[in-house]
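Okay, so chain A shows up in both of these, paired with chain B first and chain C after.
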Partner chain A sequence: MKSMNKTLLSAAMAVALTSTAAHADLSNDKVKIGVLADMGGVYADICGKGCVTAVEMAVEDFGGTVLGKPIEVVSADDQNKPDVGSAIVRKWIENEEVDVINGLVASSVTGAVTEVTTNAKKIAMIAASASDAFTTKSCSPYNAHWTYNVTALANGTVKPMVQGGKKKWFFITADYGFGHALEGIATKVIEEEGGEVVGAVRAPLGTTDFSSYILQVQASGAEVVGLANAGADFVNSLKTAAEFGLTDMMDVAGLLVFTPNAQALDPAIAGGMLATTGFYWDRDDESRAWSARFKERHGAIPAMPHAGAYSATMHYLNAVKATGTDDSDTVMKHMKANNPDDFFAKNATLRSDGRMVHDMYLIKIKKGSERTSPDDIFAIQSVIPGNEAFAPILPECDFK
Partner chain B sequence: MKISKLYIGLLGVALVAPFVMYPVLLMKILCFALFACAFNLLLGFVGLLSFGHAVFLGTGGYVTGYLMMNTGLTPELGILGGTVAAALLGAIYGKLSVKREGIYFAMVTLALAQLMFFVFLQAPFTGGEDGMQGIPRGYLFGLIDLSDNLNMYYFVLAVFLFGFWLINRTVHSPFGQVLKAIRENEPRATSLGYNVNDYKWVAFIISAALSGLAGSTKTLVFQLASLTDVHWHMSGEVVLMTLLGGMGTIFGPLVGAAAVVGLQNFLSGGELGNYVHIIMGLIFIVCVLAFRGGIVGEIQKIVKRNFG
Partner chain C sequence: MATFLGINLFGLFGQLLVGLINGSFYALLSLGLAIIFGLLKIINFAQGAIYMLGAFGAYLGLQYLGIGYWAALIVVPLVVGLLGILMERFLIRPIANEDHLYSLLLTFGVALVLQGLFTHMFGSSGLSYAIPDALKGGTKLPFMYLPSYRAWIIIASLTVCFATWWMIEKTKLGAYLRAGTENAALMQAFGINVPLMVTLTFGFGVALAGFAGVMAAPVYSVSPDMGSSILIVVFAIVVIGGMGSIGGAIITGLGMGIVEGLTKYFYPEASNTVIFLVMVIVLLIKPAGLFGKEA
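Coming up: the complex of A and B.
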C-alpha cells in the first residue's frame, strides 16, 4: 500500500514537472481548430474549401505546433442549415476536443453555432458571416467577428450613393437573418440621409428564378435597386436584372459582392458597380504575396472571408502562444488587448464586444476594357476607416 | 419468451450505450426511430403512404420550442404541448386525406404539408431560415437538469420506449387487426361492416401525434427547431428509413433510422461528405430492387426459412 502511494506521488510529481517544463496548459495536449463552412452550396466559393485552405495555411505558417504541441484542423460542411451546423459543432466540442471554431458563413448557421459555443465557453472566430447580430442582439464574450458586417456594407456603399442624389430605393432581399439585417441597416442609413425606401421583396436563399421579383422592381419607380443578398443569389438576381433591361433603367447596388461572384459575372453587366469589401488581393505587395500563395493552393484568388479566416487563425494562435494556454477566457482577453496586424488587418483592433474593426475599402467593379487579367476585377476607390464603417459598441455587449 | 428476451437484451444495450457512444448521436437516432416507427404505423400496418409526415415532426418541434422559450413551462409539458398540436393538425389533415387512396393520398398529404411549410417559413415566431435558436432544455418536472447529456439521454429513451410501446400495443390490439385487414383487402373490410375511413383516420392521428412527440423531443435535444424538420426532404427521409429497415415490422424503422442517421454521421465527417445524397440514393435503389423486406424483413425471412 505504502509503495503504491509512493509510486502515485512520484508519478504526480513527474507530471507536474513536465507540465511546468513545457509552460503549456493546453486541453488534450493539442490545439484543435474546427472549420465549419459551406462546401457545396450557394456560399461554397465564398467560404467553403477555401476557408479550410486558409486556416491550414495559417497553421503551417505558424509552424504546425504551438507551445511544443500539435495544431490540428478539422472541417465539415454545414449545408447552410442551422440544425446541421450546430449539431456538428456540438459534436466537435463535446466529443472531439475541438478548442475553437473558424469559418462560419450563413448567418443562420452562425447564430445557431454561437449559441452552442457560448454555452460551452469556446471561441467562435466568425470569418464570413455578415449579420451584425453576433456583436449586438446576440453578442457573446466568446464571439470574435472578423471580416466585415452589414453595417460596414451599408455605411460603405449605400451612404455615398444616397449622398450622391439617389434617394428612392427598392430592395431584393435574401429571406433570412442576413438579408433582413442588411436591408434593415441599409434602410436606416437611407432614411438618415434623407432618402426613401419605396419597397422590398424577399426571395428565399438559393432562388434561381428572379424574374417575378425583377418585374416588381420595374413597377416600383425606384432610382436604385439594392441587392441585399450574396453569393450565387447575388449573381442570379443581377443577371436577371440585366436580362430584363433593369440595369439601363436604374442603378443596381450590390450590397455584398465577393470577388468570385464578381468574377463570374459578365463585366458588361457588373462593370462600374460600387461595393464595399474588407479585403482585395491586389491592394499592396503584402496582400499580393499572400494571395499568390493562396491561389497556388486553392486555384483562385482569395475572397475576403478567406483572408479573414487566415488572419483570425493567426491572431488566435499568437494569443495561445503568448498566454501559454488554450483557455477561452484567457485567450480572448489577450486577443482583445493586442491588436491584430497582418496583410489583412490594417489599423485593426478586436473590440470588447467581439467586433474586429479594421480598414474597409470602397471598390468599383472594373469594366471589361479596364481589366488586364482575369483576376483584375476591382479598383479600390477609397479606404473607409474602421470606426466610420462599423457601429459603436453597445453597452450590453461591452465584455471586459 | 424468445421475444421478451430480445426486448430485455435491447433495453440493456440502450441503458449502457451512452457510456460507449456519443449521447447526442444516440438521442438523434432514438428521435428519428420514433418518427420512423410512427410513420411505419401508417405505411406498414395500414398501407397508407403519407408523403408529408415531416409536417408533424416540425409542428411538434416548433410548438415545443415556442412554449419552452416563451412560457417557462417544464420540458414534459412543452413536449406534451407539441404532441397535442401535432395530433390536432393530424386530425384535420387526416380527415381531409384519408378519403383518397394510393398516389392521391400521397399527393394530398404532400400538398397539405407544403402549406404548413410556407406558414413556418413566413411566420414571425419561427425565425424563418434562421430557425428557432437557443431553446432551453429546462428541468424535467422542475427537478432534473436536462442540460446534462446523460440525463437528457435517459429522458429521450423513456419517451422513445413509451412511443414504441404504444405503437406495439396498437398493432397487436383488435384495432390493429382491423388496420391490417384494411391493408390486405379494403373492400372486404368494408363489407364486414367496418367504417374503413374512421379506422384510417384514427391511425393517422396516432401516427401524427407520435411524429410530433419525436419532433418535440428532437427540438429539446438540439435546442433548435428549423425548417429542415418540415421540409419535404425529411418526409422522404422517413420513407427511406422505414423501407431500409423493413416496412411493416416492429423493429424495422428502428434499425432503418439507426442505419440512416449513423451513415449520415459517418459520411459527413469524411471525404465522402459531398456524396451523402448520392450514396443514400444508391442504397435506396439497391434496397428496393434487391431486398424489398428491408434489413429486418430479410432477417425475419432467413430466420423463418432456417429455424421456423
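Coming up: the complex of A and C.
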C-alpha cells in the first residue's frame, strides 16, 4: 500500500511538472528576439542583414512557435554608434517586450548595450563582437559571447607561428579599442612563446593608404607582420603589403579575417596566409547544408557571426522550451548546464562566465590555383580545441 | 645606413616619396573640387561619391563588359562626366540662383544616395581589382622598393593636373571660362553660350574624380565608403590651398601628401588629423588660404 501511494505521488508530481511546462510562463505570451547590427556601415557584411536572416532561419527551423506561443524577430541598425545601439535596446526592452538581444557587432556598441541588458536582466547573445571584455572586465551573468574573441584569434594564429620559429613580430594595429586589445593579447602570446615584438604602428581606423607603415615594417627586421585590424583596414593594408613586395620578404598574419574580406582580396595576394575562424562553411556535410540554405536567402556564404547568431538563437529557444519560461535567470542557467551542439558549435559549452567555448579552426587562405569556385577560399589546417583557444574563467566572472 | 640627427635618412626618403604618391591623389581630387567651386561657385559634396563611382566603373567595366584598365582610364571618366552633366542640368541648375548652401546640401544628399545604393548592391566589404600586367612589379631604389604602379600614379596624376591648370590659366578657352564665370551677362553678349560652358566645366570637374577613382581601384579596396573617408581630407586641402585656386589645389595636394607621410613616420596616431591642424593654422594666419585671393 505504501509503495502504491509512492507511485501515485510520483505520478501526480510528474503530471504537475509536465503541466508547468505546458502552461508556458512566457512574458506577454510570446518570445521576442531583437537583432541589433550594423545594417549599412563597415561591418554590414559581417553581421548586418545576414545576422537577421540567420536568426529568422533559426526561428523557422524551430517551428515558429515555442510552448505554443509565437516567436517574433525585430531588428535595427546601430550604425556602429554606442549611443544609438543602447537607446534602441532600451526602447525594445522597456516598450516593446523584447526578451533577448542577438547580433551585436562593434565592441563599443556591445559594451553600451550589455550595460542596458544587464540592468534590465535580459540576455545578450553576442554573435559578432571581438573584444574579450564581455567575459572579463565587463562580465555579466546575462552575457553569452558566442562566436569568437580576440584571445582565441591570437592563440589560434600567433601561437603556432611563433612555435614554428617566427620569433620577431611587427604589428600594424587599428588605433582603437579592438586593435589595441588584439595587439596586446598577441604580444603576450608571442612573449610567452619566447618571441619578441620589434615594433608596432597604430594606424587610424579607416586609413586608406598603408604604404608609409609598410616601409616602416620593411626597415624593422621583423620576420612576421601581424595585421591587428579588420574589414577594409585589413584589405587595404594587405594589398599595400603585397604591392610593396613585403609578402615576399616576410610572413603576414591576418589576425581577424572574415570570409567577405578574404573574398575581396586577389587570391594572388592573400593566398597562403594563415588565420583563425570560428566557422567555415565548407567544413563538413552539416555546415555545407546549412550554408547552402543561408546562401540561397542571403546571396553570399555565411561569415562566422552569421552561423554564430543562428546557433545562439537555437540554444536560447531550446532552453526556453525545456524550462517552460523566458525568465532570463532560469533560461541562462539551463543554457549553461546544457551544451550547445549543432553545425556551428562543436565540442561546445557555455561557461559560467558567459563565454561559449567551442572548436576554433586554423585556416589557410587558398591560392587562386587551389580554388574551385569563388566561395572556395579557406582550407582548414587544424582544429583548435576550445580550452586552448579561449582564456580560463576569471574568479570574479564565475557566475554559477 | 645614412643617418642625420638620429633620423634614418633612407627611411625618410621613402616616406617623402610615398607622401608624394598620396599627394598626387589628393591633387587630382582637390583639383576637381577647386574647378567646380572656383569657376562655378558650387560646393560639390558628391565628389567623393563620384570618385567611388569611378573605381566601381573600372570594376564593373572589367567584370561585365571586358573593358581593361587602360580603356577604363578613358571610358570611365567620360561616363562619369556625362553623369555629372546630367546632375548639373537636372539637379543643380534649378537651384543655381539660391544660396551656396543649397547646392552643398543637394550634392551631399546625392553622395549619401549613391553610397547607400552601392552598399546595398555590392555590400560593404569591398571588391578587388588587379594591377594591370604592364605595371606589375617594381624597381629597387637605394632607399626603398618602388612599385611600378605607384610611379605611374605620380606621372599620370601630375600630367593630368598640369594639363588642366595650363588649359584653364593659359589658353583662350580657359580665358573664356574664367570670364564667363566672372561676368556671365557680358560673355553672353559676346555670343558665348555660358550655361553650356558651366555644364561642361562641371562635367569635367566630376570626370577628374572619376579618373582618380580608376587610378585608385588597383591599389585601394573598391568599396562604397572609399569616397566619404577621403572627401573631408580633400576639402581641407582645397581650403588650405585657397577655395577656387586651381594651382593652389595642386600644390597643396602634393604638399599635404608629404606632410601626412612624414607624420605617419614620426607620429602615426596623428596622421589623420595633421591636415586639419594645418588647415586651422592656415585659416588663422591667412583666412583666404595659401593661394587664395582675399575677398
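In the analysis below, the second predicted complex is superposed on the first by the 378 of 400 C-alpha atoms of A that agree within 3 Å, B and C clash if a C-alpha of one lies under 4 Å from a C-alpha of the other, contacts with A are read in each partner's own complex, and residues count from 1 in each chain.
Everything that follows uses one rule, which is that a contact is a pair of C-beta atoms (placed from the backbone, for glycine too) under 8 Å apart; a residue touches a chain by one contact, two chains touch by 3 or more.
None of the values given here were measured: they were computed from a predicted structure.
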| item | value |
| --- | --- |
| Chain B versus chain C as contact partner of A:263, first or second or both or neither | second |
| Touched partner set for A:175, first chain B, second chain C, both or neither | both |
| Of chain B and chain C, the chain that contacts the larger number of chain A residues | C |
| Partner chain(s) touched by A:244 [first = chain B, second = chain C, both, neither] | second |
| Partner chain in contact with A:204 - chain B first, chain C second, else both or neither | both |
| Partner chain(s) touched by A:40 [first = chain B, second = chain C, both, neither] | both |
| Which superposed partner A:311 touches (first chain B, second chain C, both, neither) | neither |
| Chain B versus chain C as contact partner of A:291, first or second or both or neither | neither |
| Partner chain in contact with A:94 - chain B first, chain C second, else both or neither | first |
| Partner chain in contact with A:53 - chain B first, chain C second, else both or neither | neither |
| Where chain A meets both chain C and chain B, residue numbers | 40, 175, 204 |
| Residue numbers on chain B that touch chain A, as the complex places them | 22, 24-25, 28, 121, 127-131, 133-134, 149, 222-224, 226, 228-229, 268-269, 273-274 |
| Residue ranges of chain A touching chain C (in the complex, touch as defined) | 40-46, 48, 175, 201-204, 206-209, 211-213, 215-216, 218-219, 231-232, 235-236, 239-240, 243-245, 258, 260-261, 263-266, 268, 300 |
| Residues of chain A that touch chain B when the two form their complex | 39-40, 74, 76-77, 81-84, 86-88, 90-91, 94-95, 107-108, 111-112, 115, 175-177, 204-205 |
| Chain A-touching residues of chain C, taken from the complex the two chains share | 8, 10-11, 14-15, 18-19, 21-22, 116, 119-120, 123-128, 130-131, 138, 144-145, 147, 149-150, 219-221, 223, 225-226, 229-230, 261, 264-265, 268-269, 271-272 |
